[in-house]
Each structure stands twice: as C-alpha cells, then as structure tokens.
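Letters A, B, C, D, E and F name the chains as they come in the text, with residue numbers starting at 1 for each one.
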Amino acid sequence: MATFGLVEYNDAGPEVRAVYDDIRATGKTDSINNFWKALASDPALLKRTWEETKRLMGPGALDEVTKELIYIAVSVTTGCPYCIKVHTASAGKKGITDAMLHELMSVVALANANVRLANGYQIDVE
Amino acid sequence: MATFGLVEYNDAGPEVRAVYDDIRATGKTDSINNFWKALASDPALLKRTWEETKRLMGPGALDEVTKELIYIAVSVTTGCPYCIKVHTASAGKKGITDAMLHELMSVVALANANVRLANGYQIDVE
Amino acid sequence: MATFGLVEYNDAGPEVRAVYDDIRATGKTDSINNFWKALASDPALLKRTWEETKRLMGPGALDEVTKELIYIAVSVTTGCPYCIKVHTASAGKKGITDAMLHELMSVVALANANVRLANGYQIDVE
Amino acid sequence: MATFGLVEYNDAGPEVRAVYDDIRATGKTDSINNFWKALASDPALLKRTWEETKRLMGPGALDEVTKELIYIAVSVTTGCPYCIKVHTASAGKKGITDAMLHELMSVVALANANVRLANGYQIDVE
Amino acid sequence: MATFGLVEYNDAGPEVRAVYDDIRATGKTDSINNFWKALASDPALLKRTWEETKRLMGPGALDEVTKELIYIAVSVTTGCPYCIKVHTASAGKKGITDAMLHELMSVVALANANVRLANGYQIDVE
Amino acid sequence: MATFGLVEYNDAGPEVRAVYDDIRATGKTDSINNFWKALASDPALLKRTWEETKRLMGPGALDEVTKELIYIAVSVTTGCPYCIKVHTASAGKKGITDAMLHELMSVVALANANVRLANGYQIDVE
C-alpha cells in the first residue's frame, strides 16, 4: 500500500512515461518495479532519482556487479525489505552468483559486528 | 581512550602474541591496529574476531577488493569513524584507487537515499 | 500480532480507559490506534507515552504541522512501517498536503545521503 | 582529517570554483563549509550534491525553516556530529530560535523512543 | 520468501543435519527456526553462526536471561521484526516474565531517546 | 562544544538546581555529568528526562545492573561515544565487572550480525 499509490504506464503523463520508457530500455524488460511506480506520484522526484540511479549504478571506476553488491550491503544494513528483495531477485541477471551473495551476507554481518566492537571498545582514531 | 586500554605486544600473554604474530604475517607489516590492541583485553574475543575477519575478508567467491569496499560501505552507513579511517587509509595497499573510493561513497549515499524513499513511499514487496 | 495483544476499550481497566478517553477527545475521533492498544498491556507505559506524546506534539515554539513532519522524518529514517503508515495516513487531517509530504520525503532522502557523505569523507568539525 | 583532504579556493580548478562561487552567493558569505571542500576532491560529486541540496532546501511546498529542521532531525537520528554542529550553528541565521531547536530535540527523542515501542510491541499495520 | 529458500531436515546434507541435531538437542525441541533453515543454504555460515550463537548466548559472566534481554534490545533498536517475534515468543521458556519484557521495552525506548539528546546537544566526552 | 553550552550549578536557576540536587543525592556524588548540564539549557527537558531516567533505571522487574547493560547495548548499537564512555566508566560502581562488559560487547556484536543475516536472508516471520 504505497503512500500515494502506484502510477501505471497507461495512467501516466508524458514526463513519467518518458522515464518509464528509459527504465524499460535500460533494463531490457517491459516490467517497471513498484519503486518507480510509487515515486511517479512526484514526477520530478521520479526523474531525478532514476537519472541519478542509472548514472551512478552504471559502469565507471567500479563495475556494475560491485556497485550492486554495495547497494545490497546498504539495504541489508539499514533493513529495507523491499530493496533487499528486488536487488537479490535480479542479482542473477547481472552475473551475481548465489555463492557471491552468500559471501556478501557474511561480510555484511561481520562488518556490522566489528563496527559495534569498535564502538563498544571506544577504539581511538590512530 | 579505549574502554579497557590497549594491549601492547610486550605486555601481552602468549595467546594474544600468537594472534599479533599472525596479524603481522598476514598484513606483511609490523604495526598492529588499535582495533586489535583494544580487543586484546579479552583474548578469546580477539582470537575469534581476528580469525573470522581473516577468513571472511580473504579471497573467495568475491575478491578482496570487493569485500573491502563492502566493509567500508557498512562502516559509512552505520557511522563508525575509526573503521572508515583505517579502511580508507589502507585501501591503496589493496589496489583500491581514489576514483574507486569516490564512486563507493556516491553509491553508498545513493543507496541510503533510495532506502528512505522506499520506506517513505511504503513500496509493496512485489 | 502485537507482542502482548491489543487491549480493546471494553476489556480495559479504569486507568487504560481514562487514557483512551483522552486520546479520543484529543483526536476528535472514536478510533484508537493499535499503537495505544498494544502499549495498554503495560498501563503505566501507555499513560506516560500518551501524556508525553500529547504534550510534545501539541503547539509550542514549533507548530503541530512542523512537529508531525519531524516525527515522520524520524520514522522514515529509522524504518518503522507502522509509524510511517499511521502518520502519513492522518497527515491530511492536520493540514499536510501531498506536495508537502513529497518534499518531506525528498529532504529526508537528501539528508540521509549527505550524512553518509559527511561520514565517508570524514569531514572535520570546523 | 578528511579522506582526500580539503580543496581550498585557490587550489581549485574552474569547475570547483564555479560551485564555490555559487555557494558563496547563495549563502551571502565568503566562507565555504568543510563539507563542500571535502566533496571537491570529486568535482562531479560536489556539483551534483550542491545543486541538489540548493534546490531541495530552498522554499517550495515547505518553507526553508521547516526543511532545515527536518535535515537536523535526520542528522540527530543517524548521529552525524559534523552535520549537527554546522546546521545548529547556522540555525539562527535562518530564523530558527533556541526555543525551536529545543523543541526539535524533544520531538526527535520522542519519535526515536516511540519507533522502538512500535518495533518492540510489534504493532500491526492497521 | 527467504532469499534462497528454507532447507528442511529431510532435504539437508550431513553437515546441515548435524547442526540441526545440535539445535534440537540444545533447545530440547523438535522444531528448527526459519533463521537456521534459511542460513542452511550456506552450510558453512549455518555452522559458524550456530556455534557462535550457542556459545555466546550460554551462561558465562552474564546469565542466559540477561543475554537474551540484550539480544532483544539490539533487535528492537535496529528494527528486525523476525528477530523480535522469535525472541519475545520464546522468552517465557527462559524464565523472562511479561513484566520483565515490559521494562525491557521501556528502557530500550528511553535509551534510544537519550542517545538522540546526547547527539543533538553535542555533549562533550568528559 | 555543546549546542547551547553547559549550565553549571552556580549559574542555574532554582528549577535546575533542584534537579541537580536530586542527581547528586541519587548518585551519592557531587559531580554532575555533562549530559545533564547540557539538557539544563531547557529546564523542562532536564527535569522530565532526569525523572524518567531515574524512575526507569531503578530496580523493578529487572535489576539495575541488567538495565544498565541494556542501556549500554543500545548506546553501542546506535553509536553514541559519549553514552558509551559515561556508562562503561561508571559500570564498576554498579557492580558490573570487566568480564560482564566483555560478554556484553560480544553479545551486542553477535546480535548486530544476526539481525543483518535475518534481513539479508529475508527470513519469514513464522
């Protein structure tokens, strides 16, 4: 039950449709995630978030797989069930294997534990 | 000002020294981070945390650079100044360039923003 | 499935009923949110939390709309689905428009991103 | 000790200088916060973050004071000492009184407590 | 819908079965929580997490009840609905009364509020 | 550098002095923590927070030591350096041994790791 509902393609204005078309072309799929359909209730937010996400998550100094793993690490650490579900479900399409996801989860758990040990033991910045 | 002080090599018992020796051999350096010196006030915790960290952060389905980036992503998201300082300072030794760190920070910021948009817009799990 | 169940008005003792009556009178509605029905399993907690919430969320140096927006910002940042749902659903009654909620979400996302940039780049306190 | 150091105006290239000039003109001050000087080690990140921050934090459906209070609420909830320091120090210039800041802190504390009660009591979404 | 599904006893290999057997013997019950069934998709992670959890949550300098309360405090603070549900549901078996759980929730809420006041008022380390 | 400065006893009005007197009598010490001196810039907040803290942290269904450990667990999980410092420094006075603090840190680290595994593996509520 999204706060402002989900905007379907057929109900969308031209600004939203243009973003949806780019999402589909970029992802080589007809489907649009609910994340984008929900943001579409604020077309400027949709456009800005999509363009930023598309640009930053594409290849650069880091490859797309590494960026996707970082994105999931943040989603798992902060606890966003929707984000985790969508990004793990589509991981395979990007070439992320199950073994890689398992290691990702182990490293995220370790880092969250070690961060609390650093907090709790009040380690001095060296 | 660590909670229980820092244990220096010369003041350490044999169990702690064995871990310190392995830390030095693994990192090919004489220096021991304050994180380990603080955990050494509980030798069992030191040994367990070091062995787990060494094993999980080594190469596997993911390479060491990717794991290091994930570790920093968790440190930045949760806000651990000590962890960020130590892991960014040593990033170069592992082959992480400044350009890679810049992209890491941008992706972490983006993911933290998008997680809140997914929360705020109450996106349904699909 | 609340931890200790929900206490309905007809099953409540006089201490809980007195709080429920005040909640209804203050909100000008017959309905009681599940938050209060769940806290009612600990009547002292219910009374304390309601009185604190009523007093702090009422008008003062800040008006009620601003306080409600701050409350939602905290709920979105920490990820409390129940809190977000209840507080966005009732926002309209307090005079918060959809356009205001959209801007709220955008500012919360921006601040969560910028906090991580400040963390990641280890900005010195000036 | 910022991760990549701070970029001073005299050492900056034209892209960074253009942003610095706009920051100064917008803030009607000669000084540039360390946040911007640190981001300037990645000129594209600086430009993008400044433009987004300038646009979103300016007046819209919400006024600038309300947005500043929301921004501080996120900084306090996530625990960003630099962000809290800079934004509370400059609050007065935007017309935020001490009494308003005190109420802000009280509401942020209350919301953080109530979010945990909603978590702990596992309140059903209604 | 766990990321990699749940591994049932009859479908498990010998390494996972050995852990399941120990979980059952330790908990004096036939049932295995979904947490363990999900981790079992990575048998090494299952074994490591179970052994660490069993050892750390058993009696030591702190008794088992105190450790369980600390574990729930972390789950409530970070917002893990599954963890909260499982650990409050089984609290009674460990001798944790409803009155103790109520106080736990009140203290967790108080500490989360006070942490934000310490953040917001930028209290100096003394 | 507290947001509104620290209020010393000699500069305080009668409402703040009454709270300070109670803090001293309750703690059987002349010293007042900076936390209270900072909150004193808002006397109503000081009084409310002190009374709530005094009442909730005193013995009840849980003893004072257990409550103190829970309070530290929240401080370590959320990352509040001031809170951790003050509460670990005074732990001994309440009968909390170093061995108990070490176990506390280990359990907090474990719970923070397991919460992320529960998040990452998307464990169904049973």
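Everything that follows uses one rule, which is that a residue touches a chain if its C-beta (ideal position, glycine included) is under 8 Å from a C-beta of that chain, and two chains touch if they have at least 3 such contacts.
Since the model is a prediction, treat every value here as computed from it, not as a measurement.
Two chain pairs are in question, A-B and A-C; the one with more C-beta pairs in contact is A-B.
Checking B-F, A-B or C-E against C-D, more than half of the residue-numbered contact pairs recur only at A-B.
Averaged C-alpha coordinates give centres for subunit D and subunit F that are 27 Å from one another. Taking each chain's centre as the average of its CA atoms, subunit D and subunit E sit 36 Å apart. Annotation for subunit F: residues touching 2 or more other chains are 1, 3-4, 41, 45, 52, 77-81, 84-85, 88, 102, 104-106, 108, 110, 112-115, 117, 119-122. Contact residues of subunit C toward subunit E in the complex are 1, 3-4, 41-42, 45, 78-80.
Residues 72, 76-77, 79, 81, 84-85, 88, 104-105, 108-110, 112-117, 119-122 of subunit E are the ones touching subunit D in the complex.
Remark: subunit E residues 79, 84-85, 88, 98, 101-102, 105-106 touch subunit C in the complex.
The residues of subunit F lying in touch with subunit E in their complex are 1-4, 6, 33-35, 38-39, 41, 45, 49, 52-53, 56-57, 60-62, 66-67, 69-71, 73-75, 77-78, 80-83, 85-86, 97, 99-100, 102-104, 106-108, 110-115, 117-126.
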